[in-house]
Every structure is written in C-alpha cells, then in structure tokens.
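Please find the structures below.
Each of the next two complexes has chain A plus one other chain: chain B in the first, chain C in the second.
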Partner chain A sequence: MTDAGPKTATIAGDAGGGAVRRTGRALLDACDVVGGMTLLQWRILRAMIPPTFDYDESLRQLYKVGVLSVGVVVATALFTGAIMVVQTGGYVRSTGTTSLVGWATATAVLTEVGPVLIGLMFSGRVGANNTAELGTMKVTDQLDALRLLGIDPIRYLIVPRFLAMLIMLVLLTCIGDVFALLGGATAGRVVLGIDFRVYWQSVIESHLLDEFLMGLLKGFVFGGAISIVSCYWGLRVEGGAVGVGRAVNNSVVTAAIAIFVTNFVVSVLWS
Partner chain B sequence: MIEYRGVSRSFGPKVVLDRVDLVIRDREITYVIGASGTGKSVLVKHAVGLLSPDSGRVLVDGTDVTDFTEDQWRPVRRRCVLVFQASTLFDSMTLRDNVALPMRIHGKVPRHEARDLATGYLEAVGLASKADMMPAEVAPSERKQVSIARALTLSPECLILDEPTTGLDVVAGAMVDRLIAHLARDLGKTVIVVSHDLRSIFGVADRIVFLYKAAVRLDGPPAAFRASTDPVVRQFVGGEPTGPMET
Partner chain C sequence: MTFAAETRNVRKVLSGTPVLDGCDLALEAGRLHGLVGAGSSGKTLVLKTLATLLPPDSGDVVLFGEAADFGDVGRLRTVRARIGMQFQNVALFDFLDVAGNVAFPLVNGDVPVPPGEVASRVESALAAVGLAGAGGLAPHELSGGMQRRVAIARAAVTRAALMVFDDPTGGLDPVTSSRIFGLIADVQAASGSTVVLASHDTDRLARVCHLFHVVDRGRIAFTGTLPDGLAHADPAVRRLLGGDA
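Moving on, here comes the complex of A and B:
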C-alpha cells in the first residue's frame, strides 16, 4: 500500500500532464492554422495590387467554380425550398395559415438555409477540389516550377481562385434563392395544394429585400472563407497522396466550421 | 557565375552538404555527379533559392543571394532557371500552352504570339507535332523535354537541368545532349547538369564536379576524371558494384 500511493499519484499526474500537453498542442495547432490563413489572406490582398490577373486562369476558374456548380446548387436549392414547405405543412394545415407559407419559406431560405446549405455544397464540391488540385501541384513540384519560372503562385494561381469563389458564390446564392422558392412553390402546390398565386403573393408581400441582401452578404463571406481555407490546406500539403487526402479532409471540416462561425457573426452584425 | 562558399546543409541528422566550396563558371557545361543521395539536387537548389544553407554563402554573379526574399529571388530565377528531374508541366494545359505560359505571364508578347513562339521552342526539342496534346497524353521523357523547352522561353543566362536524360531513350537522350551543347557553345549559356548518365557526361561536359560524402571529391575536366586514380572515382566511372565507395 505504501508503494501504491505515490505510483497511483504519478500515473494520475502523467495522465493529467498528458491531457494538458494535448490541449496545449491542439491550441497551438489551431493558432498555427488561423495565423497561416490570416497570412495567406494578407498575401492574396497584397498580390491583388496592382490588379493584374491572368485572363486565361481567371476564366478557367470562373467556369470551373461557377458554371460547373450550377447543377448541384439548383438541385440543393429546389429540395431545400421543397422540404421547408413540406415540414411546415402539418402546422399550416391545422392552423389554416397557408397564406404565410411563402413568407416563412422565403425568410428561412433567403437568410439562413439557402446560403448555408449552398455554402456547404460549394465547399464540398469546389473547396475540396481546389485543395486537392493545389495539393497535387505542391507534391509534384508544380508550384516550385512556377516560382522557378519567375511566376508568383499567389498572383497566378490563388488570386483567380479567391476572386472566382467570392463572385460565384454570390451569384450561385442568387440562383439558389430563386430555385429554392420555386421548389417551395411546387411542393406547396403538390403536397399541400396551395395555389401558386397565393404562395408567390405571400413571398412578394413579405418585403424581404433585407433578408435577400443578408443572404448575398453571407454568400460573399462564405466564398471568401472557403477560398482561403481550401487554398491554405492545398498549399500546406506534404507527404504525397496521403498528404493530399488529409488536406482535403481538413479543408472540408475547416470550411464547414468557418461557414457556421461566419454565419453567426454576419447574422449578429446584420441584426 | 555561381559561387558556393562553405555551404553546409543538413536534413535532420543527415548532413547532405558539408562546407562545400565551388565556383560554377560562365558559359561552361558543368556536370554535377555522384551516387544517389549525395546532395547533387540539394546543391543546385541553393542556386535558385529553393533551399537555403544552414551555414555558408551562395553568390550569383557576385551578389550574395543567401538571405534573399521570395520577391528578390524572382528576377534571379528568370536569369537562372532550374528544370526539375520529374516533369512539372501543368496538367490542365496543352504542351503548347505550358511552354507559352512564362512568355504570356511576363507580358513580353501577346497571347497568340506566345503560342506561336511556343511552337518554335517545341520544335527545338522535336515535339512540335504534339503541341496540342495534354501532358498526360505524352511519354514522361517527352514531358521532360517540354519542361526544358519551357525553361528556354525565359532566355536564361544559366540553365540547371536535374537529370535531363534519365528515362529517355538513346535518341531522345542524344537530342537533349545536342541541345545542351548548342546552348553553351552557340548561345553562350551556362549549363549545369545533374546526371548519372556517363555517356552524356563524357560526351558533353566541360567540367565535372563529383560529390561524395557531402563534399566535392573531384572537380575537373572529363579527362582528369577519366585519369583519376582515386579508387572511389574509379569505381563510379567503372560502375563497379563493389569497391571502396559507400552508398
């Protein structure tokens, strides 16, 4: 018993010390990531002055990031709008407030559900792809090759991606809003039997310009966050294919967290 | 002129370069050779700022570039271009667009003109007929040749080629050798080649730098290399599997 006391205390102490060490390490890692992303953002902004972008690369990114995402966004938005109406169906029927369905759907879609879900889909499709592409370029020395050709990788590769994601996520949010409302109208008609005219009248009379603009601002902020996060993890890849896989995973998780955090911040500041 | 003054570099416990002193003279074809892992690529990467020495200095044309920032390196890299061992072509572009990229980005020529000029550079490496193919559609050796063509578009004063003939068939290898000779003899460029290819080394080199155990073991013309009585050098030249050489 005399031996067991100190030994138990040592084990407990080690366990406690280990937990502290792990927590400290995790905090340092988080600071490293946030610091790295802030630094990357600064380098991007610095590279945008003077605003000399490569025309070909910018067009390629706008097409890849925006045009190729339209299908996914439309599908997401249609079903998001539809599910909003279906979920409220029971309550609306029981209270006879079908004229409020358009308002409720539009408010939720324009301010929260639309930008967030489209942002998450965008992150999964575009952000992950961007991280994988940059990561592969890193591990195959293509980024170093750019540097050796006297080309700044930030100006040539990252700035067009950053701008494309900012611009395109705002436009995609616009498109998504329209299709979410269409999805809501269709579901209202088919599932609840609400007349199209009643639904659209409810939407229009709700005067939701503020909500619409707030959604667009969120799209803009999410676009910036996703581009910074995905480029950061892509540029940080080390260790071949395994490293690329790990970076894509980190990118998707970090982008999702960034979307939820910035969503909260924008909502609070706007209101 | 590239000058290494007491350059040392380690990766963890492994010392790759140990107080290396070396001068690469202008307009010469210098081959850096040695067994795998002896720091040949590490040495040349110091000349373009991809690596910094742990101690010692690196000078390019008399300017100490050891502590240069990325922005300061950019103009140096346009004068002295390194072509990697593996192809570093951009997957999303055709071979022609890959070659046209540096000319386009540096704004020397309009886009369509850059593409026309790129075809000429591809012709120099015998690949003009494949100009519109993607890098994935051509052989690795051809990708390497396109990388050389792309580097040439910058009209560098110095070209560093990391194992340019490795993996190439005899004809393609000879074509690269001829290009190296043409660059130095006719165009007055400095060419540094990292290589294991003895046929290429003895066919083209003006000077050979043999690295062994993190240091320069022999530095001289091919004739001196052939005549060397150093058993390590003899084993390397003879390609003997056994001998004093530690790998």
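Moving on, here comes the complex of A and C:
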C-alpha cells in the first residue's frame, strides 16, 4: 500500500503530461495550418499585383468551377427550398397562414440555408477536386517542372483558381437562391396546395434585398475560404496517393469548418 | 577545366534525416555525366539541388560560374532558363497535350520563341524522340515509355546549357532504354550542352557517358572515368559501376 501512492501519482503524472503534450501538439498543428493559409492568402494577393496571371487558365477554371457546378447547385437548391416548405406545412395548415410560406422560405434560403448548403456542395465538388488535382501535380513533380521553367505556381495555378471560386460561388449562390425559391413554390403548390401567386407575392412583399445581399456576401467569403483551404492542402501534399487522399479529407473537413465559422462571423457583423 | 555546375559541400536535412551530407559534385562543361548510386542514396536530391529546386541547408550551388542565390527569385529565373530537366516522375502537365507540353518552355521562357518557330521546334523535338504525329494526344493516352520520351523532348527542346535527366529509362524495356540513352547522347553531341544522367542502368550508361559520379549516402564517393572507377579501392564504388566487388 505504501508503494501504491507514488506509483499511482507517477502514472497520473505521465497521463497528465501526455494529455498536455497532445493538446500542445494539436494547438501547434492548428497554428501551423492557420499560419500557412494566411501566408498563402498573402502570396496570392501579392501575385495578383500586377494582374499578369494566365487568362486562358482563368477561363478554364471559371468554366470548370462554375459552369460544371450548375447542375449540382440547381438540384441542391430545388430540394432545399422544397423541403423547407414541406417542413413548415403542418404549422401552416393548422394556423392557416399560407401567406407567410413565401416569406419564411425566402428568408431562410437567402440568408442561411442557400449559401451554406451551396457552399458545402461546392466544397465537396470543387474544393476536393482542386486539392486532389494540385496534390497530384505536387507528387508528380509538375509544380517543380513549372518552377524550373521560371513560372510561379501561385500566379499560374492558384490565382486563377482563387478568382474562379470567388466569382463563381457568388453567381452560383444567385442561381441557387432562384431555384430554391422555385422548389419552394412547387412544393407549396403540390404538397400544401398554396397558389403560386400567393407564394410569390409573399416573397416579393417581404423586401428581402438585405437578406439577398448578405447571402451573396457569404457566397463571396465562402468562395475565398474554400479556395484558400483547398489550395493550401493541395500544395502541402506529401507521400503519393495516400498523401493525396489525406489532403482531400483534410480539405473537405477544414472547408466545412471554415464555412460555419465565417457564416457566423458574417451574420454577426451584418446584423 | 570549366565546370558548368557544382555543388560545394552541400548539406540538406529532410524530416530530421541528413539526405545530402557534404555533397561535392562538379560537372565539367560540355560533357555527358553519369550519376550512379544505390536506391535512396540521394541522386534525385543532388539533381534537384543542381536544378535550383531544392535549396541546401548549407553549402553552395554554383551554376555557370556563379553561386546560386536562392533568395533572389529574379536571378533564379534567369539561371533556370538555362537548365532543362526530365523528372523521375516524368511530370508532364495533365492540362496540356503532348505538343503543349513540349512547347511550354519555349512559349513561357524568358525569351519567348516566335509562334512559327515553336511549332517547327516542337515537331522536330517530337520526331527526334520517335513521336512524330503524337502532338495532339493527352499525356494519359501514352504508354510509360512514350511519356518519358515526351519528357526528354521537353527537357531538350530549349537546347539548354545544362540538361538534367533523372532516371529516364526507369521501368522501360531494354530496347526502349537503349534508344533513349542513344537519343540523349545525340542531343548532347548536337548541342554541346552539359548533360547529367542518373540511372541504375550502368551498362548502357557506360556506352554514352564521358564521366561518372557515384553517390553514396548523400555524398559523392567517386568522380572520374569508368576505367578509373572500376579500379577504385572502394568495392562499393566498383560494384555500383558494374564491376566486381
């Protein structure tokens, strides 16, 4: 019994020390990631002055990032709008407040659900693809080949991706807003029997320009966050195919966190 | 004796492990050099250091008589314009077709080549590697050997003063390997460039290289002609050069 005290204390001390070490390591890793992303952001902004980036690559990215994402965004938005109307159906029926459905759907879609869900879809489709593409280029020495040819990979590869994601996520949020409202109108008509005219009148009379603009700002901020996150993890890849897989995973998780954090910040600042 | 490229007492540590440990390599100008070493001995790292893609922790990289300043992006760009490299991983750009890959250094170089001349130089470079007419194909449509030949064409198309070939015949059959070694020797003879060629294929290297360098654990264990190497006191050097241990 007399020996048990010090031994137990040592074990507890080791466990405590281990926990502190692990916490410290996790904090240092987090600082490393945030610092790396901040530096990447700075390098991107510096590479944009003067704007001598590759226009062909920029157009290619605008098409790939934006046009090819329209289908996914439309599908997401249609069903998002529809499900919001269906979920409110019970309350609307019991209270007879069908004239509020358009307002409720539009407010939620324009400010929160639209930008966030479209941002998450965009991150899964475009961000993950971007990380995998850059990571593969890194592990197959394509980035070194560019540097050897005197081309700055940030200016040539990253700036066009950054701009494309910024611009396109704003446009996709616009498109998504429209289709979410359409989805809501259709579901309201089919499921709840609400007349289209009543629904759209409710949307228009709500004067939601402020909410619409906030949603676009969120799209802009999410586009920037997703591009920085996905490019950062792509450029950090090491270790072949396994490294690329790990980077894609990190990219999707970090982008999701970034979307929720920036969503909160923008909402607070806007209000 | 003039040296086109040198590493002087270069040291590099990656993930806590010294990968280059006092590496002294001197490449005589206008010669074809063979770089030989066991797997993971540091050949690729030596070549990347020479190409200014891997800044050393200490020591100097001297290119064309001038120490490379890794902090000066502008001067590095000028130096790199005089270097052509074929990477071990081939490193063809996925977003360009074969002709676009070969044309890339011509179009994006410090002194852009006129468009009409680009097309003719790309065609002749592809013809030289036996890929005439393949310019419109995407890299993934090519076999491994064809991809390596495209990478060689891209490395050689600028007729750079220093050409670096990292394992150009890795994983290829003997016939294609012989052809590629012959091709590199022809390119060197025609251009008078300094060429360094890393490979495990010492038999074929022996047929084309003027000088040999043996890399062992991140340092140069031997530099000289093949007969000198085969008579070297260190059995590891003799073995790596294809002689009896």
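The rule we apply is simple: the second predicted complex is superposed on the first by the 271 of 271 C-alpha atoms of A that agree within 3 Å, B and C clash if a C-alpha of one lies under 4 Å from a C-alpha of the other, contacts with A are read in each partner's own complex, and residues count from 1 in each chain.
The rule we apply is simple: a residue touches a chain if its C-beta (ideal position, glycine included) is under 8 Å from a C-beta of that chain, and two chains touch if they have at least 3 such contacts.
This one's a predicted model, so the numbers in the text were calculated from it and none came from an experiment.
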item: When chain B and chain C are modelled together on chain A, clash or fit; value: clash
item: First, second, both or neither for A:93, with chain B first and chain C second; value: neither
item: Touched partner set for A:46, first chain B, second chain C, both or neither; value: neither
item: First (chain B), second (chain C), both or neither touched by A:139; value: second
item: First, second, both or neither for A:21, with chain B first and chain C second; value: neither
item: Set intersection of chain A contacts, chain C complex versus chain B complex; value: 60, 137, 140-142, 144-145, 147-152
item: Residues of chain A touching chain B in the complex; value: 54-56, 60, 137, 140-142, 144-145, 147-152, 156
item: Contact footprint of chain A on chain C as seen in their complex; value: 48, 51-53, 73, 77, 80-81, 83, 85, 87-95, 104-105, 108-110
item: Chain A-touching residues of chain B, taken from the complex the two chains share; value: 48, 50, 70, 73-75, 77-78, 81-82, 84, 86, 88-92, 97, 101-102, 104-106, 111, 147, 150-151, 154
item: Sites on chain A touched by chain C in the complex; value: 57, 60, 133, 136-137, 139-142, 144-152
